Amino acid sequence: MVLKMDRLPIELPKPKNPSANDAAAVQELLGGKFGEMSTLMNYTYQSFNFRGRNRLRPYYDVISSIAGEEYGHIEVVSYSINLLLTGTAKRGMDPQLGPLKDSTNYRNTRHFIASGQSSLPMDSMGDWWTGQNVFSSGNLKLDLLHNFFLECGARGNKMRVYEMVTDPTAREMVGYLLVRGGVHIVAYARALEHLTGVQVTKLVPVPDLDNRAFPETRKYEDQGVHRRLYTFSPSDYQQAGIIFNGPHPEDGQPLEVVFGAPEGVPAPDLEEEPQVNAAGAFDVDPEMFKDIAKKIGVEV
Amino acid sequence: MVLKMDRLPIELPKPKNPSANDAAAVQELLGGKFGEMSTLMNYTYQSFNFRGRNRLRPYYDVISSIAGEEYGHIEVVSYSINLLLTGTAKRGMDPQLGPLKDSTNYRNTRHFIASGQSSLPMDSMGDWWTGQNVFSSGNLKLDLLHNFFLECGARGNKMRVYEMVTDPTAREMVGYLLVRGGVHIVAYARALEHLTGVQVTKLVPVPDLDNRAFPETRKYEDQGVHRRLYTFSPSDYQQAGIIFNGPHPEDGQPLEVVFGAPEGVPAPDLEEEPQVNAAGAFDVDPEMFKDIAKKIGVEV
Amino acid sequence: MVLKMDRLPIELPKPKNPSANDAAAVQELLGGKFGEMSTLMNYTYQSFNFRGRNRLRPYYDVISSIAGEEYGHIEVVSYSINLLLTGTAKRGMDPQLGPLKDSTNYRNTRHFIASGQSSLPMDSMGDWWTGQNVFSSGNLKLDLLHNFFLECGARGNKMRVYEMVTDPTAREMVGYLLVRGGVHIVAYARALEHLTGVQVTKLVPVPDLDNRAFPETRKYEDQGVHRRLYTFSPSDYQQAGIIFNGPHPEDGQPLEVVFGAPEGVPAPDLEEEPQVNAAGAFDVDPEMFKDIAKKIGVEV
Amino acid sequence: MVLKMDRLPIELPKPKNPSANDAAAVQELLGGKFGEMSTLMNYTYQSFNFRGRNRLRPYYDVISSIAGEEYGHIEVVSYSINLLLTGTAKRGMDPQLGPLKDSTNYRNTRHFIASGQSSLPMDSMGDWWTGQNVFSSGNLKLDLLHNFFLECGARGNKMRVYEMVTDPTAREMVGYLLVRGGVHIVAYARALEHLTGVQVTKLVPVPDLDNRAFPETRKYEDQGVHRRLYTFSPSDYQQAGIIFNGPHPEDGQPLEVVFGAPEGVPAPDLEEEPQVNAAGAFDVDPEMFKDIAKKIGVEV
Amino acid sequence: MVLKMDRLPIELPKPKNPSANDAAAVQELLGGKFGEMSTLMNYTYQSFNFRGRNRLRPYYDVISSIAGEEYGHIEVVSYSINLLLTGTAKRGMDPQLGPLKDSTNYRNTRHFIASGQSSLPMDSMGDWWTGQNVFSSGNLKLDLLHNFFLECGARGNKMRVYEMVTDPTAREMVGYLLVRGGVHIVAYARALEHLTGVQVTKLVPVPDLDNRAFPETRKYEDQGVHRRLYTFSPSDYQQAGIIFNGPHPEDGQPLEVVFGAPEGVPAPDLEEEPQVNAAGAFDVDPEMFKDIAKKIGVEV
Amino acid sequence: MVLKMDRLPIELPKPKNPSANDAAAVQELLGGKFGEMSTLMNYTYQSFNFRGRNRLRPYYDVISSIAGEEYGHIEVVSYSINLLLTGTAKRGMDPQLGPLKDSTNYRNTRHFIASGQSSLPMDSMGDWWTGQNVFSSGNLKLDLLHNFFLECGARGNKMRVYEMVTDPTAREMVGYLLVRGGVHIVAYARALEHLTGVQVTKLVPVPDLDNRAFPETRKYEDQGVHRRLYTFSPSDYQQAGIIFNGPHPEDGQPLEVVFGAPEGVPAPDLEEEPQVNAAGAFDVDPEMFKDIAKKIGVEV
């Protein structure tokens, strides 16, 4: 089970230039083969399916902790997409004016027909995320090797999307994910090191370019975000630290396990887009809510 | 963001007869069009994508609360599958004996080749779950209508899988999900009632057969589980109660919003299946863990 | 069995501006999850699969009548696409001039490579229509609820495509389909009302915006097209009127079942596109046809 | 547009041995790459997309006539599947008894979970039919060559399914379709002959085995069903006879175009399967129907 | 088994205007339903699966020879795509400058995210090639008819892509493939003639337009490339000539089987694209290679 | 380009018990995500797409050599499947007897409907191989890491299929592939070592179980097959030895590059299956072949 919090891991700046095609590109990081849906679901299923966890608890705890974090990653990518799409059509309720006219030339029409100018679990070509992206062999060594590769592949995708999209909303998000993905790479490399004695952490970075080439990563690295693994749990997965420890392979600072989640910030309210009837519900009377709220003792 | 807990909503009995074909059938409730992956991802994306939430907060809170619960549902279905698969092959490490010989005649070979006798996000035909199953139009009225239909469709699938699989592990799980899915049906029906004034809750049950025909549901209903909506959050989504209130449409008892999650039970340790090298890692020395654990002050 | 007529339900104006990207957008209404292929095939399979039809004939007749109409809908959407694509490439038979040069920048290359500048059963992203879109649970209540939802979802898609494409060919077609789809919404709502006593028709319109916001609908509504259900059959499905009757939920005018189909208009001849060898067959001698026609007594 | 008739082209005997696995095999002829959904949709889209039909009308009429017939073919295959599935589960409304228990071992669980023991547009592996199966290049010569090949491929599939399934329901249906598919093969071969002067009809039969090896075909051939092309239209497509004429390539009898459709027989009523709640709707009172029927002057 | 040669069948000119959208269009000829992946894999599997080859060796040898050639065709299409993509982004290693900025507006983002500005087995819509495109019925007559149709369909696609892309790299490649595909059409037509006595070669060209309308084909035809079938084998498949002989159906010149492969030219070295880290590996010291090469006696 | 040889890498024994379900399981090694189609196509596309090969030739040569070998692997898996399927139906040409009756209960009906009891590019669930399985990022380090992981994943699949299928045909083939796949694992590990200095070869074996547990591997290892990389080329890719050298990580014997291919054995003739008309072509007169052969000077 999880407890859901109405908070994002980081504050996302408003886009300078809302752009449907930028949003379409960012979808790769959400629903692509190497997107956050994939990392989330790989580790989630590996945690459900882990056999022999009593014997191998610290490995289980590393995988489960990262599984917990990935939920916040699909969330922050989705919000970036949603912000990039906000305001990309001419607002208004009169269909006759063709308020979505420009969208026939955008790359991803699903953002305008299937969704209310918002994210869906698909990639930058509009192909749906699929469970085929989940690898869960049950063999610990193989699963860890997979996860290490998956995170490196995901890093390659993030780097390229960064090079495609210059808007600050997207770049802030990618910068943060490069840092956090970097933690996961180290965590899985460390786990393989524990299991085999081979110094897998020395392989980083894959691809060869360093995170510091991406300026948005720096403030996070200065805060030590790149060397902290969160358990993302009220009280479980605390044996992750048996594996995740020692010096960071790139700057030598100590790796550290933090119980719980980062504090984060409140999720932004997304503006309405009346031309796509999102959210519609024009007649709802907020006063009515207040009355009931009072009765049941809830703050509105 | 979420906090992940190493707990299942309910205690699952051990299967009486582990069965690969039963497990294959139960996959429908995990990765089918109407499975828990679908309900989880529908409400999750609707919560990320909700426009105008300040104006329409109680609806947002209902959807988000249910999104939180669904994670526990993919978990409990996965564990049921994993338990049904545990022991379905002859245990042993000598490949020459053909320990997986019987599995060539089972319906879903992925359980034996791709995974370590464990669940994957696919349906009862082995087809992968896909993001195409996510509906998130952004129009509140349409999304609520969809969710009401989705839950009714999911209910139909649960009823039929119950009729297919008689093993107590699966039936306990289905019984529980029928009750909890019933809460979601009522919640979305109530939301539509609020929005339109039409008495949508009167449509239940869809399909026509009552939950009470499934004996495993009864103890949950006797405990009132069928009339409680949990926020599945440490402190958010509390305005759900503005919508989810009044009498239950079937037995007239009061609907109730509970802050947080049910207590649940610890996730079971799954036995190893050495013939599929799950988990393998034969050389790991648990003593080594203890040493490090001591050093970093973690209990093992 | 069916009898096919070389007629469309309405006269389609010639496009003002043939446009490949407009045509690509309109494909959503043909082969999208909520397109006419989906409505056609859902009701078609539900009619084939209906169990207990002797006991429940009026419901069977409603579903079958609408199934009959949907064929004309895939037809009218296809023709709209075909007309929008006619003339979008430089006509001519010399490949060296690159007559399809512009199409590398259009969204849907299938219109120029796979087809002869014409429609295919795919959506606005070029994804193929799939049988996965067919819901046929066999449970009457659930199927009717599905159909009601499907038609509302389809309505949302039509509204948005209308807002994307301003060309009169497309808008005439969408206007007509909004009206006819509206009839289907009411028909399924009425069927649910009969079955349950809940006033489902009161939920319309979903999404909230009224058809009258789309000017092309008005002439049809003035003619009463929005309150007539056709049986689309020479002599069957006449019990549909046992369900489809009473006042229209929006304007209170009487709902009415008409035996047979609307008169319609002849299907337009589509101009040749020699640069894509469509139709090619340059050597065919029409005189030869005349001779044989005479012999076998057929008019040419 | 079409007019739908509540009639099947032939009388289907009741199965001797209802069989879920036989039904699963027959699905290939419905939703497989070479199934009736494919032939229906190929010719339907080719008819919508035909450019230059004024110049090439007889070819258009051949394609359109066959398109009309194929609807009856998806219908007759669906009914065969439905009849084969009727009674394959233990009837009853008590889920506790596990009335669908056997179905966990059947090949296609969709027949028991997604549908009410009835057909869906999928193939013998449960893969959904897809629009990717539609070929509509717009080039007449290429489309005719495709259609000739498609019908030969379909013939191969029918022959093999016949060899798999010995039940009389399926064999009667396959026998009929072999004969009618044979007509289509000849029709497309004739069209190519007209266009090119090459004696394409001489290529039949493909595969090499003769229809007379399948005893169920004989009565149809004795009635001349193998040499008649129906227009399946009240008054259109009559120029088909300009192409479809001359001696049949196998027995030399005259090819003939018949205006309209064969008479057919009423579609059978399918028994209810209460254990899958198909149709459910237990409370419907048929008397109520009678009252309304009387009022609106419809016979029940 | 095969022996791989680092050579292409023809010299490809450098593109005049590298173009991502041209490259995207050319993908149809690689990974489309009628692309070279399809021809390669169809004949490859038919050769593996051929039953009764001792009795029917010459047919087996024709199919196998062509299977051998198709590998060089996926190669030459891939290189064309790679060349068209070379230089389509601003070169450089600083991600901050957004070197891939333009690619958000290109049709196929996979070329910039998934690959290093290079080809993938997908079509012009970015849809992956799939094994569903392989037809291998095992019936010789049907397989040959399929292959004849497949090559005609492929020819239609090549003609249209030629009309879309005017760059000399692409046109040189298409010109060559039109000629070589023409050989395959004749080969399969000849095989059908042998089997049935029907003059299938007389059907060419399909579509109707002659290869000579494409100027790049002429030099190849002048060299007789259009009438030579290579065995693409050191010493096998030599009975192909039992079938492939006689006059070419279009110009009457003698058909000829050549043992082995054409000479070809060395595969071009593709320039690096540092902005996508392709190839990266910045630290590799070529001197180090030389030392080892010397030691093991290999030329570098 | 390639030269195709009518030879398999090893002699395959005849199956002891032809078995359709065993064949269905073995398909995973052909068309599964980790099957030989995947390894073949990954390295093939990486070789086409390699940027900067002049600078990085030895890496290019390693990848290209392995790409060459994989063709023989799809071949040997296909033949194993074909042999396992030979004789699984009652032979005969009379369809009335239902010669394929048993196949309705087999797992993969495509072997009996789509193919002539032979292989297709699909996995053990009948899902088609797809180009989505190709990873070709263009970044050398990432591609090598991928390839190392892919081969380990493939090894896991082979181990499990070995445990499922006890027939000697399949086991001989899997034994051989375990050995050859082992060479590829070492080759990619060595390449990563060269690039990074990290001792990646020490990670083997992944999964943990040693090849020697599979008796069929032993004779190959005794012959040194596990330490030889073939260039599979008449004269190219010879710099592979700059990377592939040093001691084998498991037994310390010297790694070695061999120019060319192993000798192999002639491909077996597959018996006809007349009940599926494979190959059909009953009238072909082999004498006729001899006459032409004589004329053109080819041995038959």
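The chains carry the letters A, B, C, D, E and F, assigned in the order they are written, with residues numbered from 1 in each.
By our rule, a contact is a pair of C-beta atoms (placed from the backbone, for glycine too) under 8 Å apart; a residue touches a chain by one contact, two chains touch by 3 or more.
This one's a predicted model, so the numbers in the text were calculated from it and none came from an experiment.
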| item | value |
| --- | --- |
| Any chain that touches subunit F and subunit D | B, E |
| Subunit B to subunit E, fewest steps along touching chains | 2 |
| Subunit A on subunit D, rotation in degrees - Cα superposition, rounded to nearest 5 | 180 |
| Copies subunit A and subunit E touch via same or different residues, half shared test | different |
| Approximate Å spacing (C-alpha centroids) for the pair subunit C, subunit D | 22 |
| Where subunit B and subunit C are represented by their mean Cα positions, the distance between them in whole Å | 38 |
| Approximate Å spacing (C-alpha centroids) for the pair subunit C, subunit E | 40 |
| Two or more partner chains touched - positions in subunit A | 33, 107, 114, 127, 132, 137, 139, 141-142, 156, 207-208, 276-277, 280-281 |
| Pairwise chain contacts under the document criterion | A-B, A-C, A-E, A-F, B-C, B-D, B-F, C-D, C-E, D-E, D-F, E-F |
| Residue ranges of subunit F in contact with subunit E within the complex | 1-9, 31, 37, 41, 44-45, 48-59, 64-65, 67-68, 71-72, 74-75, 78-79, 82, 114-122, 128-132, 134-142, 195, 232-239, 241-242, 245, 257, 260-262, 264, 269-273, 276-281, 284, 286, 289, 292-293, 296, 298-300 |
| Subunit B-touching residues of subunit F, taken from the complex the two chains share | 19, 21-22, 24-25, 28, 32-33, 107, 124-125, 127, 156-157, 159-166, 207-209, 213-215 |
| Residue numbers on subunit F that touch subunit A, as the complex places them | 33, 132, 135, 137, 139, 141-142, 145-146, 148-149, 152-153, 156, 192, 196-200, 202-203, 206-208 |
| In the complex with subunit F, residue positions of subunit B that touch it | 93-96, 98-101, 103-105, 107-110, 112-114, 126-127, 275-277, 280-283 |
